[in-house]
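Shared between the two complexes below is chain A, which has chain B as its partner in the first and chain C in the second.
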Partner chain A sequence: MESKLQSGNQMEKKYEDEVVMSPAKLAWKKFKKNKIAMTGLIILVIILLISIFGPILSPYNMAAIDLTNTTGEPSLVHLLGTDASGRDNLTRVMYAGRISLAVGFFSVLIQVVVGVGLGVIAGYYGGIIDSIIMRLVDIFSCLPTLPILMMIGALMLDLKVRPENKMYFLMLIIGLLSWPGLCRLVRGEILSLREKEYMQAAEALGLKDSRKMFKHLLPNTAAIIIVSAALGVGSAILTESGLSFLGLGVTVPTPSWGALVQSVSDMDSLQSYPWLWIPAGICILLTVVSVNLIGDGLRDALDPKHNI
Partner chain B sequence: MRQYVIRRVLTMIPIILGISLIIFLIFAMAPGDAVTGGANAHMTVAAKAQLRHQMHLDQPKLVQYLYWLKGASHGDLGTSTFYKKSVSSVINTFIWNSFYLGLLSTIAVILIAIPVGVVAATKQYSMFDSTSSVFAFIAMSIPDFFVGLLLISFFSMNLSLFPVSGMETIGSTATGFARILDIMHHMFLPFLVLTITSVAGIMKYMRSSMLEVISEDYIRTARAKGLREKVVIYKHALRNALIPIITLLGFTIPGLFAGAIITEQIFSWPGIGPVTYLAVLNRDYPLCMGINMIYAVLTLLGNLIADITYAVVDPRIRLK
Partner chain C sequence: MAEYLLQVKNLKTYFYTDEGVVKAVDDVSFNIKQGETLAIVGESGCGKSITAMSIMKLIPSPPGKIEGGEIKFKGKDIIKLSDEELRSLRGNKISVIFQEPMTSLNPVFSIGDQIEESIMLHKNISKVEAKKQAIEMIKTVGIPRPEIIADSYPHELSGGMKQRAMIAMAMACDPELLLADEPTTALDVTIQAQILELMKALQKKFNTAILLITHDLGVVAETADYVAVMYAGKIVEEANVFELFKNPSHPYTIGLLKSKPIINKQQDVLYSIPGQVPSPHHMPKGCYFNPRCEKAIEKCRQEQPKLSEINSGHKVACWLYEKEMEAK
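Moving on, here comes the complex of A and B:
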């Protein structure tokens, strides 16, 4: 009898333990078990920390020109050598990381705000509002991203936008060109969630539309938003670096990883000064790989059917 | 089916109008116009004014757009200010070089991605599976220009195996088979870049599609009735797993023509990519507009083809 009671208590205790786990905690627990995704997270955090604090700790100024030491080879003084104007390359790579990462994260933020907002509205109201938003999605998803960004880059040169301000325009435009995919996903999800019983309950309670949309429907689409946002950061960084590589994105003297790779334009310097372009290229690769690994890990962790 | 296609084509028209308006609005923000460009620097003020009048550039922007639309509806996309030829003939000259490159790399992508995806799925968690998935993650995350420069540095500079740029050896008089060999030689590196950067997506897709099908009930049934594993995988599972891939390939059709601007630019491949770059650099607005519209129409067509092939290969869709 006593032992039965005890085991009953134990079961209760176990049950309590499970109750404490919020969906976020559960996902984090699953994510932590995924070694590959954790590796991605650790690499990304390291790159973030180096990009944020590196330029502050570096003894060199990102823009300090030293004409006595141009295209210097990597040494103990300049770990990644110096560029054609004698600027310390490591400092520039770290500083470029700030720009590239900022463009990646903030353009995804814009993408999420626009895509999720319009997706929830389209899915919730349906009818004519849905049709209008979905036609907008059709139009925006057919816009050729890179050619339009190239035109905007040329436009920024013509309008004489200051190089340090270009990144803000790039964030905005990349964000505004990439929202349709997420909008479609969220709309589809809302369409099916709208029919659930708890929405009928919300209706019966007489809740306001905005409260129903953003308090009751939106949290249930969190999983797809988080996963596609994580994967979006990678593609935004790739887009920005490609554009800057063409000389139409972030331009000198402000460095971004793509612009640093572009700084060796002719084949001879490509061969003679590998330290000028390889580190920036590897930084892009590592960042995008880790972001994609995290996105993949999140997809598994947030999928209730998927057990590791 | 025919009605469906007609309806889809008709809904494309407002989308194309919307796209053209957005692209035109971007140009409208630019200071100066096609006549201001460097190519006309020697012109007198009067000649410039006359040229502007001829090209309707003295009209309000909205009227200019309507003029462009009127021409475009007849297939006249205007005249390129940089090439001094009609936009459609410039595009027609270069787009085929992009197409050959794109076609070959797409074939290679299919030949690599599908078998690798299938084997990775049937041997899930094996050494082969993890190796191919590591490769896929790297390939989908590496910027195309970085792959291009690495390949140039290694194959062209260190080993002198492949030419750095162009499509044919300059001054070459080779004809027939020798010429094709020369073109292939020049094509190899850009082909490799395109293949590496686009193989990963289809490979991962193929793997997950195959994994999904293998867990279906009818596969268990096929195994239960004693079919050989080969028949189960390649006859029953693969056919169904390929359906979403066929749709995916429909989406790659615009990419065949649109090429890869950055890759073609690095290797000076005379496709539509470098033309786009030159059009932007020289503020050749009619050409930019034309190229963008071609890209947009190709994307729409790709979506349409994807939907149609989906209905053709999967009878379940047609019944709905």
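Moving on, here comes the complex of A and C:
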């Protein structure tokens, strides 16, 4: 009897030490074990920190022209040299990072808000609402992205949109053109989730539709949303860079990584001034690769059946 | 006559499918008093669960539709309530325990969150207070270390604990009517007994009426005050639990009781009612049970019997008791 009681107490004690892990914590624990994804995360954080704080610490103004020192080679004064107008290249690369990353993140934010919102509504209500939203998705995914972006780029040139405002247009347009994929994914998930018993239980509790949709169903789709958003950031940055490279996105004097690469468009400067385009190119490469690595890592971490 | 908490009268729930109309619940009537347990027994597919879901108006529509009858809860007809009024009833005055504890909890929320949600929704109190009540409720249903369990997620609990958590969720707002849709089917026998004990104890404590849906006659004997036996969408026999087990009258009920194994008796072959539940699209003429009934007479094949009283409080729908019915 005595010993039984004692073992009972021990049990109690063991229980008290028990830590309950939320799904987010569990995922983070798994993510941390994934070395490749962690490398991606570290690189991205470094790039983010440099882009955010670099320009503040830099002694140069990113738009300050110094005609006495154009296309200067990298030196101790200008670590990455200067461009054709004598602007400090390092400052410009860092500042460009702000713009490229902002375009990447915010266009994905728009994509997630629109895609997930419509996807949840379509999947939950079904019927005619679903049909209307899905036809809208069809229409949007038929639109050829590049020609439209080029048209809008040309339109912005025509309307004389100020260079620093162009990035907001870019965010909006990239975001609005890329939501259909996510919308489809989310709708598919919701379609199967809403038939689960716990949704019937939620109904039996007397919950409102909006609460059922966004409080009960949405968190169950978090995994696919997070993964596709992470991968979406990479492709949005690439799109922005491509457009700016073509001169249709962000333009001088506002820098973006794509625009910086574009500043070298002839064979001569390509060969003679590598410091003008290599840093920005590497930044694009590193960012997109690390974003994709993080996306893959998240996919594994959020999949309960996947053990590392 | 005492005031009934729930009066179901001539309830008809039909499903409109491509192959025709399925009368899942066909002209079913019953009453439940406060603090009492009514068990609905029957084979799979006889319309037990649909009856319970109709009371909550949780029938998927389309294809399902409540075609007629009334469901009076404290004098108000639930069928005519607006969505808003229904929502304030659901989970508050009437709540449900579902069949599958494994899948009836949302995997992304902690147990505590899910119990709190219904408390906050219906009781209009602060989150801190709701959390306290949720933990109190988890304790009431007999889960040890409630504070830790409140923060756990459904996958971390066993089936029995999940079912307890479901009961805690259902009982959190002190409902007056609890619909228990096969609450113990997914659990093993020892846990089953515990859960039934718990439900009885809670019933006493909160004076809740329970509508118990089950196919297990053992569970019925254990918990119910009244029993209604359903077959193919109709109630074929209704009596209090002692009367039904002592004096089963409908051949179907007799068959059900006979097909239970008896302890202390060597049985080589367990009795089973011959035949199968008729397809809902091709219901036999006359009494729905007649093709499987050993005592069927000619009249059974022609006319459908009505549920009538043969003894005080004992109703049967069977032509074999026509004389008793007339005598009454």
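Just so it is clear, the second predicted complex is superposed on the first by the 289 of 308 C-alpha atoms of A that agree within 3 Å, B and C clash if a C-alpha of one lies under 4 Å from a C-alpha of the other, contacts with A are read in each partner's own complex, and residues count from 1 in each chain.
Methods note: contacts are C-beta pairs under 8 Å (C-beta built on N, C-alpha and C of every residue); 3 or more make two chains touch, one makes a residue touch a chain.
Since the structure is predicted, the reported quantities are computational estimates derived from the model, not experimental observations.
Trainee: After the match on chain A, would you call chain B and chain C a fit or a clash?
Mentor: Aligned on chain A, chain B and chain C fit with no clash.
Trainee: A:135 in the overlay: touching chain B, chain C, both, or neither? Say first, second, both or neither.
Mentor: The first partner, chain B, only.
Trainee: Report for A:22: first if it touches chain B alone, second if chain C alone, otherwise both or neither.
Mentor: In the superposed model, A:22 contacts chain C only, not chain B.
Trainee: Check the residue A:197 against both partner chains and state whether it touches chain B (first), chain C (second), both, or neither.
Mentor: After superposition on chain A, A:197 lies in contact with chain C alone.
Trainee: At the CA centre of chain A, how far apart in angle are the CA centres of chain B and chain C, to the nearest 10 degrees?
Mentor: Reported to the nearest 10, the angle reads 100 degrees.
Trainee: For A:208, select first, second, both or neither according to whether it touches chain B, chain C, the two together, or no partner.
Mentor: second
Trainee: A:159 contacts which: chain B (first), chain C (second), both, neither?
Mentor: Once the two structures are laid over each other on A, A:159 reaches chain B alone.
Trainee: Using the touch definition from the top, say if A:33 reaches chain B (first), chain C (second), both or neither.
Mentor: In the superposition, A:33 contacts neither chain B nor chain C.
Trainee: Who touches more of chain A, chain B or chain C?
Mentor: Between chain B and chain C, the winner on chain A residue contacts is B.
Trainee: Looking at A:289 after the superposition, I want to know if it touches chain B, chain C, both of them or none. Which is it: first, second, both, neither?
Mentor: Only chain B is touched by A:289; chain C is not.
Trainee: With the superposition applied, I'd like the minimum CA-CA separation between chain B and chain C in Å.
Mentor: 18
Trainee: So in the complex, the part of chain B that touches chain A is made up of which residues?
Mentor: Where chain B meets chain A, its residues are 14-15, 18-19, 22-23, 26-27, 29-32, 137-138, 140-146, 149-150, 152-153, 156-158, 164, 258, 261-262, 265, 276-277, 280-281, 283, 288, 291-292, 295-296, 299-300, 303.
Trainee: For a test of understanding, state which residues of chain C touch chain A in their complex under the given definition.
Mentor: Listed in rising order, the residues are 56, 58, 86-92, 95-96, 98-100, 103-110, 117-118, 121-122, 144-145, 148, 151-153, 156, 166, 169.
Trainee: Sort out for me which residues of chain A touch chain C in the complex.
Mentor: 12, 15-16, 18, 20, 22-23, 196-198, 200-208, 216, 219-220, 222
Trainee: Which positions of chain A touch chain B when the two form their complex?
Mentor: 135-136, 138-139, 141-144, 146-148, 150-155, 158-159, 234, 238, 241-242, 245-246, 248, 258, 261-262, 267, 270-271, 274, 277, 281, 284-285, 288-289, 291-293
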